[in-house]
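Next up: the structures, one after another.
Two complexes, one shared chain (chain A), two partners (chain B, chain C).
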Partner chain A sequence: MDPILENSITLERMLALYEANRQVLSADDTPILSGIRENAFISLGKLRFPDTKMEAWRHTDLKESLGRGYDYYLHPTKETDIQKVFRCNIPHLDTAIIGQLNGWYVSKDVPLMELGNGIIMGSLAEAKKKYPALIEKYYGQAAHDTEEVFTALNTAFEQDGVFIYVPAGVKSPKPVQMINVIQHPENIFLQSRNLIVVGDDAQLSLVHCDDSYNHQGSFSNIVTEVFLGRNAYLDHYKLQNINNNSTLISSIYFKIESAANLESHYLSLNGGLLRNNIRALFNGPHGNANLYGLYLMDRKQHIDNHVVVDHASPECTSNEIFKGILDENARGVFNGHVLVRRNAAKTDARQTNKNILLTDNARINSEPFLEIYHDDVKCSHGSTTGQLDTEAMFYLRQRGISEESARMLLMFAFADEVVAKIAIPQLRQRIEDMVKKRLQGELRICEQCVLHCSTPEKPLEFRVDVSKI
Partner chain B sequence: MLLRIKDLHASIHGKEILKGVNLEVNKGEVHAIMGPNGTGKSTLASVIAGREVFEVTAGEILYQGKNLQKLAVEERAREGIFLGFQYPVEIPGVSMTNFMRTAVNEIRQYKGLDALSGSDFMKMMEEKKKLVEITSNLTNRSVNEGFSGGEKKKNEIFQMAMLEPTLAILDETDSGLDIDALRIVANGVNKLRRPDNAFVVITHYQRLLDYIVPDFVHVLFEGKIVKSGGKELALELEDKGYDWIKNEQL
Partner chain C sequence: MEPDSDKIIDQVTRQDYKYGFVTDIETEFAPRGLTEDTIRYISSRKNEPEFLLEFRLKAFRRWLTMKQPTWAHLTIDPINFQDIIYYASPKKKKEVAGLDQVDPELLATFNKLGISLEEQKKLAGVAVDAVMDSVSVKTTFSETLSKYGIIFCSFSEAVLKHPDLVRQYMGSVVPYTDNYFAALNSAVFSDGSFCYIPKGVRCPMGLSTYFRINAANTGQFERTLIIADEGAYVSYMEGCTAPQRDENQLHAAIVEIIAMKDAEVKYSTVQNWYPGNKEGRGGIYNFVTKRGICKGSNSKISWTQVETGSAITWKYPGCILLGDNSVGEFYSVAVTNNHQQADTGSKMQHLGKNTHSTIISKGISAGKSNNSYRGLVRISKNAINSRNYSQCDSLLLGSSCGAHTFPYIQVENKSSIVEHEATTSKISEDQLFYCQQRGIDAESAIGLIVNGYAKEVLKQLPLEFAVEAQKLLSVSLEGSVG
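Up next is the complex of A and B:
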């Protein structure tokens, strides 16, 4: 089947496409879900695509990204050779793998896995059909369709993505790894939607990878809603490793119930333009959210972390540590908004953004923003931008270490504060190796799948071994 | 001759600190450089080590016959020059093991030697720790991070033991040390003394020299060495104070 769009992405085009394809888009929807979709379309009509006059997009210009031509499909792109979907080879990392190709859930023979312990994982489209009540309970309850144009666009158009449900009291015995591979012979536009539910007292470790597998351009508009039940625990990793022709708008919404604990890590290692919209809402008291970011950018790469932590409940704690190393002409943006609402007594919110600029042409815009409506709170923020510590450089070189090695040691040490927070040892080891390679410029050599460092010629496969979960 | 400094002038941000220093150090010798605060003692150490913020405006430093100004900081270090820092730098995220292993192996590579294996290196770390009486577990800690003042100074001596320099310059290694730490630091130096190496010990107080007995004592005042003598000069300074030197110079 042909793409429904072979052009640049404009709001007018998307609105027209929606009207022309309404039936196809909502094929798997219940009436309630269809209503959410229709409302998103109405919101979309009232919103505008970002421009740099908008405060939230002042330092991130999407004009060029949107202006490239893309193919957009309303069905999985069959012409892509499914044999070439790769195997993730982090050594000894035993995970349950969920694969997506160009935003569509792969392995259609098992569209939804239902495990003995009650965990459900697989295709969101399939889950809408099979568990409509469960999906309706959560879907659209965390995302902001009325305010954020890319979220509304995603809600109006999404047809598939990943659904993970960990029922109350269940502890997922091993990490779940979501791998979204982008591979298409033409530039491609994709909008997948993920829904993650970690029930009351439940636990999940989730590694979420975005990879591109060739040099072809792409524009991904991905929305992920995450619900943490009372006293739930989620350890979440977002690994971003796409090619320089790719744009990724990743919007993730966490709704955190009382006493739930979130650890969320954003490791951005490569990408043309990356925008992380991270929204964490405390929907009950005593919640905790630790958000860690590490971005290593060079050439003309652009990274924008836009973080909003909404302390809407009392006695919650949040801690943000975002660190970046920007080389050559890379551009970084950190926008951290901490909102402490009137009822949020005894909030403890901390925020740190540190950057190293390796060249005069690298740039960072760091904008912390604390908005506090309660007196009895502890809030702090700090932002530093600089070069490598000259005292430390001298100290290392005085011991006989070359300037190059000394720089590497210091950059790695800078990154290590974030890398050290990775709780899965094998993943931490792997990320340490990748950060080293990235800093040494070695990852440039294999620009495609920099996460896996395997050869693209190799046959690839998704392996899901249900018995091990 | 190991080190020959001739009429050395050095400035920082256009301000002249060293105003014609002359000093000769032979292998097997221990030299003490004393003097009031702010007279250029630390500057002299930094200039020998090659800290780039200082500009040598006149004179020269010859080390084993080589003009040091042509060598980068790390090349001087690989040629055997070690600087014990007055204020050792904390480097969070760089482990002592990784730091020392990189240093030892880059120096070995410079000398045309093979890199040490992991096990040989760890063995060396343990030996040198014993030598300088370090009992705590250094290996997994970041360089100087969270170290007490005494631990930092002991760590300097430990690094010196690891790198086995030919010329070690210790810049106020005694400052801020209690008597036990001072003894450990001094013992480390004494154990490392050999006929084929030399030490330049910079200190404000005579106290350290009770433990590290110098062959020569020099007084640096206003950017010049104004007095040199044997170890008795240190006692004389202790007795009469630096005002004695100041008055003599006026």
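Up next is the complex of A and C:
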């Protein structure tokens, strides 16, 4: 089938597309979901696409990204050879793998996996049909921000994505890996929507990757809603490794109930323009959220992490550590916003952003904000930008380590503060290897999924048996 | 904390603003409202040369196209710019030659404020330029200073006597296009201070300007221009008060500092405009643009401010570090109480090589106030080996106030180092307990702790100001710990 749009993305075009395809878009919706979609469309009409005059987009210019021509489809793109696309991952049967191709859930023969312990994983579109009550309970409850144009756009247009449900008290036996692969012969615009529910006292490890398999440009607008029930635990990893012609707007909304624990990692290794909108809301007391970010950018790559931690409940703790190394003409933006509301007594919030610039053409904008309306809190933030520690460098050189190796070692150590937080040992090992390769400049995007194999003929040699992940 | 200290807080914060009196001085006003005619009126009243009128009109036309900024963390009631009197001056009968000829009412006013011109002249050895409403009423010590070639006079006088200097430097640091309030000021500014320190001269005494809004319904728009030529040094102080009135009054000033090679300017402010009453009625809107440029190499500009007054404060004293090895400093204590709002901080723009800047900001919020630090540090590509250190601490007293930190950091080269850190906390109960245990009552203990907290900044103030500032701090805050 043909794409319904073969042009640059403008709000007018999208609004018109919506009007013309209302029926197709809401085919799987219940009336309530359809209402949410319609509301998003209405707010979309009042918004405009970001420009650099908007405070939240001051350092990230989307003009070029949006201005390229993209194909947009209202149905899954042709799956040429799924086996080939997910070749690297299929053998790892130990990980529950959820595949997405251009935002659409793959393997339609099993659209929804229902594991014996009550865990449900699969296509969101299918889940809407099969578990309407469950979806209605959560869908749109965390990402109800009508001011965010890309969230509204996604809500109006989303047709598929991933749904994961871990019922109360259940511990997911193995990590779940969501892999969204972008592969299309033309530039493609995609919007997918994920809904992840971790019930009361439940536990889940989730690895979420965005990969591109070729050099074609793409524009991804992905919204993920995550609900953590009372005392729930989520260990979340977001790996971003797409080609330099691709733009990724990833908005992730966490709603954290009382005493729940969130560990969330953002590892941005490659990408033309990456924007992470991370929102964590404490909806009950005693919650804890640790957010870690690592970005290694070079060439003209652009990374923008916008993190809002909303302490709406008392006695919650949050800790953000975002570190980045920027090489060549890369640009990095960190905007952290900790909001401590009037009732949030005994909040403990920390925010750290550290950057290393390797060239005079790299640039960083660091904006760690604190907005505090309660006195009984402990809040701090720190931001540093500089180079490698000269004393440490001297120490290493003095011991006969070459400048090159010493630099590498120090950069690796810098990144390790974030990498060391990865709780899955095999994944940590793999990321360590990737960081090393990235720092050595070996990890340039190739024809194949860089996460798994550097060239199709010569698979990457990892010291650890990846199949055990 | 214990209810006792809440009570003390209440009592102390109820202390009235002691500078809220009105002096009965004959004043002449410009007609209410703002049109090109108002500007022509102001200009002609002051016998200004043509270039200045042109400048004002250009600024005014630009202002008409601008919108009041809304990005600050402030709630500002709409300002009716047509309801303000843009020019008010104490009626002068003739040129004043000596202090004895100054209107006795005026002198009494300044004596009441604790800035006896006479006393200052004799004892403190500080040259004062006093600005009442819109007009500079008296500059002391001009003659002594002129021996060194220092020019210290009212802005209007400088326009007439040193038009070249004014023309060359006015608007060179804060152009009229800079922002909404800078454009407004450039259009309607009435007076202010002017200071020129010639090459190699170390100004033998502190220079000081004292601003006073007296008349009702007026806005105050003064403009200060300080030029320190090569190797010069000057320490400049600024103070301000206003009567207690129910309506909000607008104060939109501009301060420009130019430091040439090896020059150093130290600018200290104790800002104590009327902050409004306990319910947040009245008070001054203090929207000020202050900026200095380190034009030559090895020059230094240092801003120190103690902000206790004003209903709303919106000001970001900054430095453009253009010369190589130049240094910019910003030390601030901002106190807000009751319904006061402050959005203040600094802008450090590093353009030259090896430039250094330091920002130390201490925010203290009490009552229902909101206190924000907002600062920019920008290291441009050419500013290699530059260094910035920022520290922004907030102290919250009571649970209905807010303290916010909004730093903006931009680094564009690999050899510079920027560090920023901030903490937010309340007065520790341990410290309070420790003091009280040693027989210091809660109120004094709080004063002690707050003064200790702000000490890093207060010690930067010139002696004449340090005492006043410390007293101000305790008055503004006593008992506001809850």
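We adopt the following convention: the second predicted complex is superposed on the first by the 436 of 469 C-alpha atoms of A that agree within 3 Å, B and C clash if a C-alpha of one lies under 4 Å from a C-alpha of the other, contacts with A are read in each partner's own complex, and residues count from 1 in each chain.
By our rule, contacts are C-beta pairs under 8 Å (C-beta built on N, C-alpha and C of every residue); 3 or more make two chains touch, one makes a residue touch a chain.
Note that this is a predicted model, so its numbers are computed, not measured.
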item	value
First, second, both or neither for A:Y395, with chain B first and chain C second	first
Which superposed partner A:K378 touches (first chain B, second chain C, both, neither)	second
Partner chain(s) touched by A:E6 [first = chain B, second = chain C, both, neither]	neither
First (chain B), second (chain C), both or neither touched by A:E403	first
Contacts of A:I364 with chain B and chain C, given as first, second, both or neither	second
Contacts of A:E55 with chain B and chain C, given as first, second, both or neither	second
Touching partner for A:Q387 - first (chain B), second (chain C), both, neither	second
Residue contacts on chain A - larger count, chain B or chain C	C
Contacts of A:D416 with chain B and chain C, given as first, second, both or neither	first
Doubly contacted chain A residues - partners chain C and chain B	none
Residue ranges of chain A touching chain C (in the complex, touch as defined)	55, 342, 345, 355, 357-387
Complex interface listing, chain B residues touching chain A	49-53, 72-74, 77-78, 82-83, 85, 88-89, 91-94, 98-100, 102-104, 106-107, 110, 142-143, 159, 163
Residue ranges of chain A touching chain B (in the complex, touch as defined)	389-392, 394-403, 405-406, 409-410, 412-417, 420
Sites on chain C touched by chain A in the complex	71, 73, 381, 384, 394, 396-426, 482
